[in-house]
Amino acid sequence: MSTILIIFCVLAAITLSTAFLTIFSKNPIHSAIYLVICFFSIAGHYLLLNSQFLAIVHIIVYSGAIMILFLFTIMLMNLNEEREVHRPRITRLGAIVSFCLICLVLIAIFINSKPIVGEYVTTGEDYQSIKVLGKILLNEYMVPFEFASILLLVAMIGTVLLSKKEKLQK
Amino acid sequence: MNTLIAIIGLGVLCLLFEIFNLRKAIVPIIIIGLLGVLGLTISEFNSTESYYNNMIVVSKFSSTFSSLFIVLTIFLVALGHNFYENHQSKISDFIAIKVFLLAGAVAMVSFGNLAMFFLGIEVLSISLYILAASNRMNLKSNEAGMKYFLMGSFASGIILFGICLIYGAMGSFDVTEISELSQSAELPIWFPIGIVLVTIGMLFKVAAVPFHFWAPDVYEGSPALTTALMSTLAKVVATATLYKLLSVMNADISESFKIIVVVISMASMTVGNIMALRQTNVKRMLAFSGISHAGFMLMTLLSLSTSAGSLLYYASAYSLSGIAAFSVILYVCKNRDNEDIVNFHGLGKTNPLLAAILTASLLSMAGIPIFAGFFAKLVLFNQTIQAGYLALVIVAVVNSIISVGYYFKLILAMYTKEPNEERKGTPVIIYAVAVIAIVLNIALGLFPSLVLDLLS
Amino acid sequence: MNNILNHIGIENYIFLSVILFCIGVFGVLYRRNAIIVFMSIEIMLNAVNLLFVAFSTYHQDAQGQVFVFFSMAVAAAEVAVGLAILVSIFRNLGSITIDNLKNLKG
Amino acid sequence: MEMNTNIALVLVLAPFLGFLINVFFGKSLGKWLSGIIGTFSVVVSFIATAYFFSGISAQPEGIHISLFDWIQISNFNVDFGFQLDQLSILWLLFVTGIGSLIHLYSISYMHDDENMHQFFAYLNLFIFFMITLVIGSNLLVMFIGWEGVGLCSYLLIGFWHKNQEYNDAAKKAFIMNRIGDLGLLVGIFILGNLFSTVDFTTLKTAITTAPDYNDFWVAVAALALFIGACGKSAQIPLYTWLPDAMAGPTPVSALIHAATMVTAGIFMITRLNFLFDLTPSVQSIIAIVGAVTALVAATIGLVQNDIKKVLAYSTVSQLGLMFLALGLGAYEVAVFHVITHAFFKACLFLGSGSVIHALHGEQDMRNMGGLKKAMPITFVTMLVASLAISGVPLFSGFFSKDEVLLVAFHHNIPLWIVASIASIMTAFYMFRLMFLTFFQEFRGTSAQKHHLHESPSLITIPLIVLAILATIGGLISLPGNSWLNGYLTPVLPKLANAEHHLGTTEYILMAIAVIGGLVGIGIAYAKYIKQNTVPTEDAEITGFSKVLYNKYYVDEFYEAIFVKPINVLSRFFRDTIETALSALVFGFGKVTNEISYQGKKIQNGSIGLYLFVFVLGLCAIVSYLFLAQ
Amino acid sequence: MNVSLILIILLVGAFATYLAGDKLASKMALFFGLAAAGASIVLLNHYNLGENISFINQWITQPNISFALKADGLSMAMLLLTTALTPIIIFSSFGNQYKKSKSFYALILFMSFAMAGTFLASDGLLYYIFWELSLIPIYFIALIWGNGDTEERKKAVVKFFIYTLAGSLFMLVAFVYMYQQAGSLLLEDLYKLNLSATEQLWIFLAFFLAYAIKIPLIPFHTWQANVYQKAPTVGTMLLSGIMLKMGLYSVIRWQLPLAPLAAKEYMYIFIGLGIAGVIYGSIVALRQKDLKKLLAYSSLAHVGLIAAGTYTLTLDGLRGAVLQMIAHGFVVVGLFYVAEIIFRRYETRAIAEMGGIRPQSPKFTSMFLILVLASVALPSTFNFVGEFTVLYSLSQINIWFAVLGGTTIILGAYYMLKMFQHAMLGETNSKIFADVTFNEGLTLVLIIGVLFFFGMYPKPITDLITPSLEEILTQINRIN
């Protein structure tokens, strides 16, 4: 059991437990904070996989942007206390059943499948430095990259559309 | 590719118009622009090319479907002129979103790389979430948006997971490469799982049973024009994409997968039709009808190599009649808070032309001859029998019979009930859209070869 | 340079992602609070992202990581739109419990 | 032949023209003119018939006229053609002859009726159809006439259409006729199938030359045809319509229900004698049916009080005798009796009509009596006719009836006994009728008595003519020297080598018959003149005579066996089966609707549920694809 | 000059009528109806001269569908029936005022167009399209201009529509199946198919469902009486006069030659079904209170007999069936018109509320009686020719079929005369019944004239249809 594996296991444990805690926390603020921790642990995974740039982007986008958005919304709506209505038992049961089911099914399939034999390929080439990523992103993936801007544009317009008060015109 | 660029350009133009305070010109200019794009697309019809490292692949399939999408968008934009007349300050946003949505749709049918596929579907979905929720003061619209958003993101997650597994198996997002690699033996099981997950995600988008639950609620809650868009453009896009996805990745559809398709197709038709029987809200009814039509369109997946033409035909027939029907619904339910069937009482007396158009479009959906819907079903049945699924065809036939029940409920309401109030104001543009759509539909019915032969 | 997967094994990453994904699914099903549901969806997306990176390493190929950028963009866009919808619901309804959204049915 | 065709067309179409004129212009023509046109058109036919009659001896094979192709069947074509041979000309003679007389009679008789032009129209139409029936060259053309006369009978029985009982009687007549018609059609089908023709001449050739016809099917065909004859000629079991048919005006009863239409069955069987000759079993059925009908009808006739009903049953009974003769292969005898019967029965009906006319519609003999002084001509003519029907020697009936009995005796003694009893009864009830009507004191109201008068000459002239014919009609076929037999030989080839001798047996039989007739008259005399009996009121009739008076309850029996069940069935079908079938079809709709209704509950608006189903579906698909394999 | 002319006239007529406006609509419709009738007579003349008046053109390449209109004797006969009855039916409506009459008359012509197309089409799909197309106008005619309670009417009409559609969709599946085998749906290509007995049976049954519902045969008839009752009389005439014949015609043209093995194998069953319909229909008709319903059941009985005739697979059966189809078409139109005439005066269709009409209206009574008699197949009327031929063909199969089928002449007389008696005879009705107007009289006289003319001289029609029927018979008897 190598150090790396131990690190992986620790990180995985943190990821999973914080993910669970996110869901089980009654207070949305707590959920958010657990989620941030979860994201950080995932960033740890990225680092472990030696993709530093991605890790940093991940932290910036998720923890920095998305989670702030969440927290902002929670604050805005004053949701920092548990207001959730009592969940019917059937809902919880259904959730748990489907969770178990989907977990079991997916894991069973992957266990059933024949294991990957042999060494993993190591080309030794640089494939995940910022430089390479940038090249790929702006050469091969130029079109999707631009298209992602359309996506963000749409989201932007949409958010404005949904939030902006209408000037009533006669 | 040019199509895509042109459409995006139009979208940006639309936003610019708002800046320059040219609101009034938006709708006409966009329509003209889209017509231009349509011409462009058609002119490129025969060129099969791939652009930018195979990100976009223009083929007959993509250009025909793109043309269909453009046509539908033209109709929808035109209807928007009337629909958004009380929301002038937002009209540019609405139109822009629709244009971008069209861009997403075009990307979805012409992708050469799963990244484009994913982004395309997300552009489409996010636009739809926004449009569904766009009536922000209306709780129903909010609810619809929320439901659609939650379930849609959920489905997106599953699609993403599927793409990830495909990537894991293939080490590439390029469909050509994937297709070549899939020929070789010794694939990790991730690949088929990935395909299945992506398929399931797409089944959600086309609202096939059992992933259909969102559709009726969302259709009902959304503003009518959005419903029109969802039930025509979005559904057609999703189906075409699913078809393209499965055919282009050469996913070597196994027998058991086909059985799944058969079961889902049967279930969609049956559930859609049966549930539609007792609906009183017209949009909701059409949502269920759309579910059943999704079931029909899924039949094309059983003979992937040959059925592109029939899918195109079915999609055109269905969406054109949908546009016609919705333009009547827009007219009837304008300034009303619901689309209950009561509103349609006596339409045959107060506005015979629109009643006739709605009747014709419903008949087309029911598959009565001379309307395109009939031939659509016919070629579909033909292909499915050829593929050896007679039982499916019989279920489909039985479903066609059931479907007549609720289509006729609406027709009966129009012709046998007394009108409950006078309607005034007959917007020309609604007439124009409805008439053109239904005429196109009938023309397709009279000359099915025009479309059927495009993709063969 | 050694492939890190030689120490961990791609299966472990798959299992981790799958479980994380399923937790996300569970969260969506389990919670009625829309915000938490959003968060669960983010968890799902992150699970996939993680797997992308793992596969990227597995194939020694950058495309997977590039895709993660897009995925993030999508996530961001979705959250933005989702929260906008949520806000308008909150304005109208004063609550973000999705069980209250049952007007459309039948 | 061109000449013949034209005259034949005149023969057929003259009454039709009369019909058309009376239908379209009758009302404006006025009663007299319409009556005269009606009569004249029949007279024209009679003259045309006479023309053919005069020429027939030159053409023993008869005149065949084919007008055009009518119906095409895969194995044969049906011509629309006429056949004028000895038999049809004979029939035409008395049809048009008696027809003319009755038309004449009707001018006066129906003069008070507002719809007189209609009456003449119908009568003319009847004559037209009767002529068609008689001269059709094949079974199908005959069938036109066959059904056509049925139609006219329907129209004329229900002539007073405001009375629904009359309409019921008309309907009954038509439907019972139709039962027979179905038999006739079936017979035609079988003949067509067997011999590929329905033309009389070719059929005859085919049957007589076919070496290997199928015995069984020929017999079935003959039986089916006989059923047809039963319907038209009122034989058991299809006779009950005829007494009811007396609802029609009396001239109608005389023309249609005594002299002409009801003899169509006899005509048809005689026409197809070559067929029936081949099927002895059917012949014996015919004979038995005829004899039984003669007896049964006679017994009923014994106690009837309605003057026309008595005559009606008498007609049935006489027809029975004719069928007896037919069944015994003595077609010429049957024909002979048809002719004499036509004379005396028409006379009797017209006479009774004269009486009814005089009494303003009274038909119950219990309310008559003593009319002989007031109506001498009517009385005398009816008396002559009664003597004729009773078989009193030298009157026409004597010869014809005697021949029937003679034939019966030669073939089958029991049948002879039955027939003889029927004849005795005939004599009895006929004279019962005469005595009750004309003798003793008048029993009607004083108002009626006051108005008693002899009928006008338009009524009496036909009576007199018919009485004369009833007297001398026997001359056409005197025993031992029969003109009729000679005349009919081309049609009935058997007659050529039949021996005509009058032996002791024959004379004895004649004597028995005469004595029988006289006995019948004597009993009637004893009962109604000597004892001065008047039949009791309906309610007081008891015992067997009640059964007789109620006609053996046959109508009630039919009602219970056929009409009621069909109506019950109809109601059952209408109320139960139709509803059930309808419900079955609606059921599909109801069930799907119900499923839809239940399904709506699943769509409960909860995102949790939707996603739950989503996940379940996903799991199901994935596990089916990847775990179940 | 070819048969598409008729279709064009009728279709153009439908549009022209609609455009002509409410006032002119009826006259415009009559004009085009007469034009179509005239044109079909001209075409008949051409046809009789041996000219080819068929029309065929490729329509859809994938699937391979042609716009093929074939005019043989059978089609011409049915076409003539359609084009002759259409103006009569239109003319018969002249006494009534219809709201939105332009739509009404346009729909009539459109329906006539579709039915004419059905009779002419010789490509399976084209035929199917016309077949379905004819359903839509009658649906609206019955729905919008029908009478009686709206809810009841809706129920009946929708049931009718869905029911008939349900049947015909299976026919479509059968066509699609055959298309797989033949690669074309042209009649002659389908004739060349070598289908196994099992395939033929299924195809036969699929067709049967469509036709049994349309004709209708028991037990698929439940839509009939209600729709006849609820539809406006014009609609009823179209339905019973022409549309029923579509089903019967299709049996001859499509069902039998395409699945002869099954037809032969199960002949007795289908003949039996037809004859059961004769008896059942007649018995149910006995106790109907509504005049139109009674006529509906009488129609059921008659078409049962016709259907039995077609399933005998003999020349006589087919020929008799066609003759009887035409005859029944005319007589039933006449009878429904009579019901309408009574309705115009008494506003009722209940037989019990009539009676005593005869003394007031001798002309009307005579014509009614003639129609009644024609409907019970009195010899010298056209119906007799047809019925006789059909019954004869039944006797060729089994004499008992003829006997049982022949009960129609007894039961038919029973219920028709009973109806006539209670509707027309009896004490003079207190309500005034004006005798027929000129228009009404003319219509009835035309119908009666046709019935008598062809009753006495059916040869033109027989000659017209016989060659094509013989050809169909050779197809039926081809050895697979």
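In order of appearance the chains are A, B, C, D and E, and numbering begins at 1 in each one.
FYI, a contact is a pair of C-beta atoms (placed from the backbone, for glycine too) under 8 Å apart; a residue touches a chain by one contact, two chains touch by 3 or more.
Computed from a prediction, not measured in an experiment: that's the story for all the values here.
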Quiz item: Which chains, if any, touch chain A and chain C both?
Solution: B, D
Quiz item: So which one's got more C-beta contacts, C-D or B-C?
Solution: B-C
Quiz item: Any idea which chain sits dead centre by C-alpha averages?
Solution: E
Quiz item: Looking at CA centres, what chain is most distant from chain A?
Solution: D
Quiz item: Could you state the distance in Å from the CA-based centre of chain A to that of chain D?
Solution: 103
Quiz prompt | Centroid spacing, where centroids are CA-atom means, of chain B and chain E in whole angstrom | solution = 42
Self-check item: Whole-Å gap between the CA centroids of chain D and chain E
Solution: 37
Quiz prompt | Whole-Å gap separating chain B and chain D, where each centre is the average of the chain's CA atoms | solution = 78
Quiz prompt | Set of chain A residues in contact with two or more other chains | solution = 91, 94-95, 98, 102, 106, 109-110, 112, 116, 140-141, 144, 148, 151, 154-155, 158-159, 162-163
Quiz item: Going by the touch rule set out above, which residues of chain E reach two or more other chains?
Solution: 162
Quiz prompt | Shared interface positions of chain B, touching two or more other chains | solution = 115, 119, 122, 126, 129-130, 133, 136, 147, 150, 154, 189, 193, 216-217, 405
Quiz item: Among the chains present, which pairs are found to touch?
Solution: A-B, A-C, A-D, B-C, B-D, B-E, C-D, D-E
Self-check item: In the complex with chain B, residue positions of chain E that touch it
Solution: 59-63, 100, 103, 125, 128-130, 132-133, 135-136, 140, 143-144, 150, 153-154, 158, 161-162, 165-166, 169-170, 172-173, 176-177, 179-180
Quiz item: Which residues, counting only chain B, touch chain A once they are in their complex?
Solution: 8, 11, 15, 51-53, 55-56, 87-90, 93-94, 96-97, 100-101, 103-104, 107, 113, 115-116, 119-120, 122-123, 126-127, 129-130, 133-134, 136, 188-190, 193
Exercise. Can you check the complex and tell me which residues of chain D touch chain E?
Key: 23, 68-74, 80, 118, 140, 143-144, 146-148, 151, 154, 158, 161-162, 164, 167-168, 171, 174-175, 178-179, 181-182, 185-186, 189-190, 192-193, 220, 566-567, 569-571, 573-574, 578, 581-582, 584-586, 589
Exercise. State the interface residues of chain A toward chain C in the complex, per the touch definition above.
Key: 2, 4-5, 8, 12, 15-16, 19-20, 22-23, 28, 31-32, 35, 38-39, 42, 45-46, 48-51, 54, 57-58, 61-62, 65-66, 69-70, 73-74, 76-77, 79, 83-85, 87, 91-92, 94-96, 98-99, 102-103, 106-107, 110, 115-116, 119-125, 127-128, 132-133, 136-137, 140-141, 144, 148, 151-152, 154-156, 158-159, 162-163
Practice problem: Report the residues of chain B in contact with chain C in the complex, numbered from low to high. | Solution: 114-115, 118-119, 122, 126, 129-130, 133, 136-140, 142-147, 149-150, 153-154, 156-157, 160-161, 163-165, 167-168, 171-173, 216-218, 220-221, 279, 284
